[in-house]
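Letters A, B, C, D and E mark the chains in the order given here, with residues in each chain numbered from 1 onward.
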Amino acid sequence: MLLEISDITLLYGRIQALHGISLHVDEGEIVAMIGANGAGKSTTMRAVSGLRPVASGSIKFNGEDITRLRADLRVVRGICQSPEGRGLFPGMSVQENLDMGAYTRRDAAGIRTDQDRVFELFPRLAERRKQIGGTLSGGEQQMLAVGRALMSRPKLLLLDEPSMGLAPMLIQQIFNIITEINQQGMTILLVEQNAQQALSRAHRGYVLETGRIVKTGTGADLLHDPVVKEAYLGVA
Amino acid sequence: NSDSGSDDAAGGGNCGFEIAFFGALTGSAAGLGVNIEQGAELAVDQYNTKNGKDCVTLKKFDSQGSPDVAPGLARQLVTDKKILGIVGPAFSGESEAANPIFQEAGIPLITPSATRTSLATKGWKVFHRAVANDDAQGPAAAGYIKNSLKAEKVFVGDDQSAYGAGLADIVKAKLGGLVVASDKTAADGKQTDFSATVQKVVSSGSTAFFYGGYYQNAGLLRKQLTAAGWTGTLVAGDGVNDPGFAKAAGNAAAAGSIVTCPCAPAAKAGGTFVADYKAKWNVDPGTYSDVAFDAANILMQGIGAGNTTPQKLNDYLTGVDYAGIANTYKFTSTGELDPAQIKVWAFKFDANGTAQPDQEAPKI
Amino acid sequence: MSEPVSDDRTWDDATAGTPVDAPIPTSNGSSGPDAAVRHPHPGALLEVDDVTLRFGGLVALDKVNFSIYPGEIFGLIGPNGAGKTTCFNVMTGVYRPTSGEIRFEGQPLTGKKKHEITRLGIARTFQNIRLFPEMTALENVMVGADARHLTSVPGALFRLPRHRREEREGREKSMELLRTVGIEKRAGEVSRSLPYGDQRRLEIARALATDPKLLCLDEPAAGFNPAEKERLLTLIRGIRDSGVTILLVEHDMRLVMGVVDRLVVLEFGRKIADGQPAKVRTDPRVIAAYLGEPTDAA
Amino acid sequence: MSQHRKSTGGSGGIHLGLDSIRQWFQGLPKLARWGIGAVGVLAAFLLPYVGSIPLIGPQIETQGVDWPSALFNMSYFVLLALGLNVVVGYAGLLDLGYVGFFAIGAYTVAVLCSPDSELGTMWPWLAAVPIAIVMTMLSGLILGWPTLRLRGDYLAIVTLGFAEIIRIVADSSEFLRGDRGFGGIPHPPGRLPDGAAIFGVRDATPYFWLGLCVILLVIVIVRNLDRSRVGRSWVAVREDEEAAEIMGVRTIKFKLWAFATGAAVAGLGGVLFAGIQGFMNSSTFILQFSILILAGVVMGGAGNIAGAILGGAIIAYIPDRLRGVEIAGTDAFEYRFLIFGLAIILIMIFRPQGIIPSRRRAMEFKDRAGEVAPQ
Amino acid sequence: MNFSDLIRDFGPLTITGLAQGAIIALFALGYTLVYGVLRLINFAHSEVFMVGTFACLVVWGWFGLDQNSATPATGAVIGLLVLGLIGAMVVSGVMALIVEVAAYRPLRRRNAPPLAFLITAIGASVVISEAVGIKTDRNIRGVPPLIQPSTVFQIGNMKVTNLQILIIVLALVMMFVLDRFINGTRLGRGVRAVAQNPDSAALMGVNKTRVISLVFLLGGVMAGVASVMYVLKIGDTRYDAGFLLGIEAFTAAVLGGIGNLRGALIGGFILGVAENYGAGLFGTQWKNVVAFVLLIAILMFRPTGLLGESLGRARA
C-alpha cells in the first residue's frame, strides 16, 4: 500500500469536515473520489498533502507514518498535489511556475525532459512561457497547475478537479494524460466532478458524503451502481 | 526675612513637609533635567542630615520635558497637600502647560532653568526664576562671537525649539550683518544626519557657528562639522553646557567650543558644593545643578522659618534675599531674578571634554 | 526580477488593455445623438461592436461583434484563452477596449465606472470566485442588493425610516435569493468556509441581488457534478423566466446546448461562428477548434 | 510546522471566558442589553470616584498621575481609537498618520482661540468646535483623495508621511508657532451655581465627563454607520475592492467617508485636548502617537467598537498606572515602554484577533494574490 | 527658498546624499525582503539595525578603542572594519531571527490576521529599543575615529571622500550579491514562491519556516552592514537611532516598490539625494517634508512605486 489513511477526522475551527475517513491507494493505481459539493473531497486531499492538520487518525505513506509531517517534507517523500483553485504563483511566469514544480529535484536533465513533455501536452503553455501566471485565462491556469504538479514527478499525485475550466477537447485530453502517466508508473488519487470519466479510468473509487465514505468499489462497479448513477452521474 | 550663608541655614523643627522637583528625568533632554534634580536632591539630603532624617522629602515628577504630560502630572502634584514648593519646571515648554495649575493651587515654584522670557509676563504669582532669561544670554553670546572670536562671518542655526529658536533669534539680531547664512535642524533625538547643514556651514565660509539648541544635536553637529573639515568655532547657549556635548562630539572635536550660561561656573560655587555633589553622584555638577541646589535651599529655608503653607512660602519668596552658592537671589515683582544679580558666563570645552569657565560676559 | 516591470495588471503597452482606473485621460464619453445613430440593432440589450483589446502584442479580442436581446439566454463559448472572460471584463468596465464600443440599451459604456455599469443593469460572476471572504453569505448578497438602495450615509447616520425600510427589504430580498440558489442554510456562515460549489451559488445570488437586466455567468457550473449541473440548469432557466437576460460562458456542452437560445463561438479572440445551438454544434470550424469529436463531451 | 498546531486562533481559558460572556450578552433580550448598557454608562461616569471603593479602588487608581486626569487621557485615547477603528478596522485602510487629524483639530482651536495666535480672534472654545470638525473632515478628504488608488501598505506610508508633514509644518511655521506653542487656550464654557467655572484648571473630572459624552455620541454614530450599507460597503472594499466596485459599491465615496468620519472623530479628540491643556505645541503630534493608537485599536480588536474602546483605554492607562510604582527600587515608569511592549506582544500572541475580536475576522491587507485580471 | 545655495552646493549635496542613500538602501532591503514574503511591515527592523550599531562599537571596544582614541594604522583599520562588520552582521542577523521566532512565529501558528503582526512588530521594536535604552542609560555613544574622512578626488566643489566611496561601493556590492541570490538561486525562488502563495509553496516542497527565517536573516545581515556604515558616517549612535532612519528606509522601500530589491536601492539613493537637495533649498528642517511629498507624488503616478512590486505580487 502506498497510501493508507485510517479513520482521520479534521476540523475547520469548530466545524468538523471529516468524520473518520479511511481509504488506501496501492502502488500503480488510479483511485477516484467523488461526492457532492462540501462532501469533504478537497479536505481529504489537504489532509494527505499536509495543508491542514488532522485532528485524529493516521496517514501512512510507503509504510511511514506521515500524520504529523510538514507539507514540504511530504513533497520530498513523493506526494504532490495540484490543489483546488489551482494555487499558482500569480506573479511568476509560466516558466517559473513550472520550475517551482521541480523545486525538490536536482536532476537537471530529467527536469528538462519533463518540462518538454509538459509543453508537448499543453502547447499553449509553451507559447506563453514568459506570460505571468496570474494573467492566464482560467483554463490556461488549470493547464499550468496540472503541468506544474507533473514536474515534481511524484510517487503519488493528488489531482483536485483537474478538468475544471477546461474546454471539452482538453477534458478528453487531460483524462488521457492521467491514464498515460499512470501507465508509466505514477500512482494517482483523483477528485473529479466529472464522475463518468473519472470512474471509467480509475481502478477503484470512493464516494464521499458529508465527511464520510459511503461507498467504495472498483471504478466499473461504481459506474454502474444505481445510487451513484442517480446522484453523481446525472442520468436522468 | 533675609538670611545669610547657605551652610548654616536656619534649621527649624518644621519637618514632615515636602518639596517637589518637576522636570524631565527621562526623554531626550533628560541629562539637563537630571542635573537639576540631583542638585535639588543634594540640598534636601544635606538639609535632612542637619534637621533629622526625612525632615523634608523631595518628590520627583518626571515630565519627560513634554508639555502634554505636564498638566496631568501637575494636577497630581497639587493634590499632595504636603508639597509646599516646587523646584522647576525645568524647561520652558512644560512651564507653559503646568504653571497655570500651580498658580491656581497657589504653590510657589522656583525654576532654576526655564529661561523663556515670556514666562514672567503671564501674571503667575507663584513663578520665580533663579536665573536670567534668554534676553540676557543671547546678547552675551553675540558679544563673545563679535568681541572675543572676532568672527566676520557667522552661521546661525537652531533646533526650532522654543528655547533654541528664541535664543538664536536674539543672537542673530545682535550680530546683524555678520550673519551670512542660517539653517534649522530638527529637535534633539529627531535627526542624526546633518550633512546638509554641515555643507551650508562649510560653503558659507563662516568661522563661527552659533547653535541654539540642546547638547545632543550640538555634539553631533560639531562632530560632523569637524569630519567635513570645518575648523571654525561652535558657540551655543546653556542647553549645550553639559558633558553630553563632548560625549556626542568626541573630546577632540568638542575642544574649543564655547557655551554661554546665565549662571556662574559651578566650580566657582561657594562652599563644598562641587565636592559634595561629586561625592554623592559620582559626576561633576552639570548646568544648573548649583542653581537647583540653591532653589531647594531657599524653599527649605522658608519652610524652616515657619512658612508651612504654600501661601506663606510664596509670600516669603517675594521678599527673600538669599546668598546661595551660585548667586545671590532676590526676585522682582514678576518673579524674575533681580537684574543686579544677573551673571552670564562663557565656558570653553577643553581637550578632556569639560567646559571650563572662560570669561564673564560684561553686564549690558 | 529579470523582466521589465510595468504597471499593475497590464502589459507594458500602456495604451492598450489599460484598466479603467489607470491614469489615462478618458477620451470622449461619446453619447447623445451620435449614439443613437450608431445603433444598428434596435431592441438589442447589449451590443458588442467591433471590440478589440490588446495586451501588449497579444490580441485578446479581435473585432468581436454580437448583440444580445432581452429575454434570451445567450451563450459565449470557445477554447481556453479564447477571450471569453476578457469579454466580460470589457463589458463590466475592468478593461477599456483598444477600439470598438459596447452599448447597453443603446448607451455606450465607454468611460463608465464599474459601479455605474452595475447600476445600469449588468451583473456578473467571476470564474475564479471573488466573494468577500470574511463576510457571511447573507452579507455578501446584501452588498449586491445595496446597489439599488437610495439612502446612504445620512440615512444610516440618523437611521431614517426610509433607510431602515431599505435595510429590511434588502435583507429579505437577500434571504430570498439565497433560497433561490439553494444555500439559505448557510446564510450565516462566512463565505470563505463554504465549499467551492456553494461559493459559486453564492456568486450568482450576489450578482442577482443587484437587480440586473443582464446577468453574465462565467463558468457557473465548474466544480459541479452532473446532478448539480442539472439543478443549475433549472435555476438559470428560472432566472430568465423572471425577466433577466443571461449571458452564459460555460465549457459543459450539455448544459450550454441545453439552455441557450443563441450563441457565439470565439477562438483566439475572433468570432468564428454564431447562431442557434443546433447549427453551431455541427459547424466544422467549431468542432475542430473546440468540441472535438462531434459527440457529447460531457 | 505551523500546520500541525491548532491553527484556529486558539481558544484557551481566558478566551472562552470573554467569548462566552459576549455570547451570553448577545443572547439577552434587547431590553436587558439596553439595561446593562445603561448601567455600564453610569458606572463609567462614576469612575472618578473609584478610589473610594475599599480595597480594589486604590489598586485601580493611578498613583503618579492625578486620577481624573488619567481618566481624561483615557477618554481622548478612546475617542481616537474609535475613530481610527472606522478607518482601519472597518474600511481596512491602514492609517499610520492618524495623529495628523488630531493635530488639525487641536490647532484649529488654538489658532482661533489662543491669545498667542496671529489671528487675534480669541474666540471662545465652543465657537471653534464646529470649525475644527469641518477642518478635520476636509483634511480627511484632502488626504483621502490622492491616496484612493493606493492599497494597504502604500497607504500606510503615505498617511504616515502626511502626519509628519503636518507635524513639521507645525514645527517650522511662524503661524503655528512650533515648539513655542499656544498658551491661554480657553476652556469649555459653563459656570457652577457658585460662580466657579465648571471646566477649571485643577480638577479634570468635568473634562472626563465631557469626554465620555462625546464618546457616547461617537459610538452611536459609528454603530449606525457600521450596521448599515455603509459598514457593509467598508468591509466589502476591505475584502476585495475591485469585486466590490463591480457589485455596485461606490468604493471611492465610501473610502472618503471612512477617512472623513475617522478624521472628524480625531478632530474632536484634538478639540477636547486643546480645551483641557490650555497650552499646546508641536511636540505632542509625533508619529509614535499614531502608532500607539493603532496598537490600541488592534489590541482591543479591530473592526469592533467594544474592542476599540478597550484598546484605547489600555494604551492610555498602562503607562499612567505604572507611574509612581516601584519595581525593585526603581520607578516602574522608567520601564513603562518596555513593559508596554511586552504586553503588546503577549496580548497579540494570546489574542491574535484582539482582546475582543470582531465578529468578522479581520482580513484587511490580506494576501491579495488574486489581484490580477478578474477571471 | 534658496536656489543659489542649492546650485552652489549641488555637487556636495549630491555626494553626501548618495552616501546617506546607500545606507538607507541597505537598511530598506530588510523591509522589502520581509514585506515581500510576509506582507508585513517589520517595524522591529529598525531595532535590528540599531543593535548593529552597538555591536560594532562593542567589537571595537574589545580592542580598547573609544571615540577619543587616535586613529589606528591603516592595516589595523581594515582589520577592525572587517571585524566590526562581521560583529554587526552577526548580531543584527541574530536579532532579526530572534524577532521572527519570538514575535512572529507564534502568530503565524495561530493564523493571526496581518494587523496583529504589525502590532507585535511594533511591540518588539519598543521592547528592543527600550532594553538597549535602559542598558545604555539612553546616552549617546561616540564611535572610534576609524576612518578620518579625506578627499580622494574633487569635481568642482564636490569633494568625494574615502568614506563616501567605501559606503557607496559596499552598498552596491551587497545589493548585487543579494540580488543574485534571490533571483538566481533555487532558495531565492523558494522565497518568491512563499511570497506569492505560501500554501502552494509548501505543496512544491518549499520549507516555509526556513525560507522565512532566511529572509529575516538576510534582512538583518544587510541592516548590520548598513549599521556599520552609519556609525562611520554619523559618528554616534543611540538606542533610538533605528527609529528615525527606519522611517526613511521604509519610505525608500515603498518609493522603489516594496518587495522589489532593486527598487529599494533606487529608492534609497533617490531619497538620500532628494532630502539633501530639499534641505539645501528650503532648510534642513524641511528635508523630510521633501521626502514625503516626493513619495506621494510618485505614488500618485505609480501606485506601486517606481519599479513596482516584484518579490511578491504579480507584475503583469
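Operating definition for what follows: contacts are C-beta pairs under 8 Å (C-beta built on N, C-alpha and C of every residue); 3 or more make two chains touch, one makes a residue touch a chain.
Just so you know, these numbers come straight off a predicted model, no measurement behind them.
Novice: What is the minimum number of touch steps required to go from subunit B to subunit C?
Specialist: Contact-graph shortest path, subunit B to subunit C, evaluates to 2.
Novice: Any chance you could name the chains that touch subunit C and subunit E both?
Specialist: A, D
Novice: Comparing A-C against D-E, which pair counts more contacting C-beta pairs?
Specialist: The comparison resolves to D-E.
Novice: Report back the single chain whose CA centre is most distant from the CA centre of subunit C.
Specialist: Most remote chain from subunit C, centroid-wise, comes out as B.
Novice: For subunit A, which other chain has the most distant CA centre?
Specialist: That would be chain B.
Novice: Centre to centre, by mean C-alpha position, how many angstrom separate subunit C and subunit D?
Specialist: 41
Novice: Could you work out how far the Cα centre of subunit A sits from that of subunit E, in whole Å?
Specialist: 44
Novice: Taking each chain's centre as the mean position of its Cα atoms, how many Å separate subunit B from subunit D?
Specialist: That gives a centre separation of 37 Å.
Novice: Just give me the whole-number Å value for how far the CA centre of subunit A lies from that of subunit B.
Specialist: Computed value for the inter-centroid distance: 77 Å.
Novice: Would you pick out the residues of subunit D that each touch at least 2 other chains?
Specialist: Answer for subunit D, listing residues that touch two or more other chains: 1, 3, 5, 7-9, 149, 171-172, 334, 361-363, 369-373, 375.
Novice: Residues touching two or more other chains, restricted to subunit A: which are they?
Specialist: Those would be 12-13, 50-51, 70-71, 90, 132, 134-135, 137-138, 141.
Novice: Note the residues in subunit E that touch 2 or more other chains, in rising order.
Specialist: Subunit E, residues with two or more chain partners: 196-197, 202, 208, 283, 285, 288, 300, 303-304, 310, 313-316.
Novice: What residues on subunit B touch subunit D, complex-wise?
Specialist: Contacts found on subunit B: 26, 61-62, 66-68, 71-73, 75-76, 78-79, 93, 96-97, 100-101, 104-105, 122, 160-163, 165-166, 184, 186-187.
Novice: Under the stated contact criterion, what part of subunit D meets subunit C in this complex?
Specialist: 149, 221, 224-225, 228-233, 235-236, 239-240, 242-251, 257, 360-363, 370-375
Novice: Okay, in this complex, where on subunit A does subunit C touch?
Specialist: Within the complex, subunit A touches subunit C at residues 12-13, 15, 34, 36-39, 42, 84-85, 93, 124, 130, 135-143, 161, 164-172, 193-196, 230-236.
Novice: Across the complex, what residues on subunit E touch subunit A?
Specialist: Spelled out, the residues of subunit E in touch with subunit A are 186, 189-190, 192-193, 195-197, 199-208, 309-310, 312-316.
Novice: Spell out the residues on subunit E that touch subunit D in their complex, using ranges where they run on.
Specialist: 35, 39, 41, 102-103, 105-116, 118-120, 122-127, 130-131, 134, 196-198, 202, 208-209, 247, 250-251, 254, 258, 283, 285-286, 288-289, 291-293, 295-296, 299-300, 303-305, 313-314, 316
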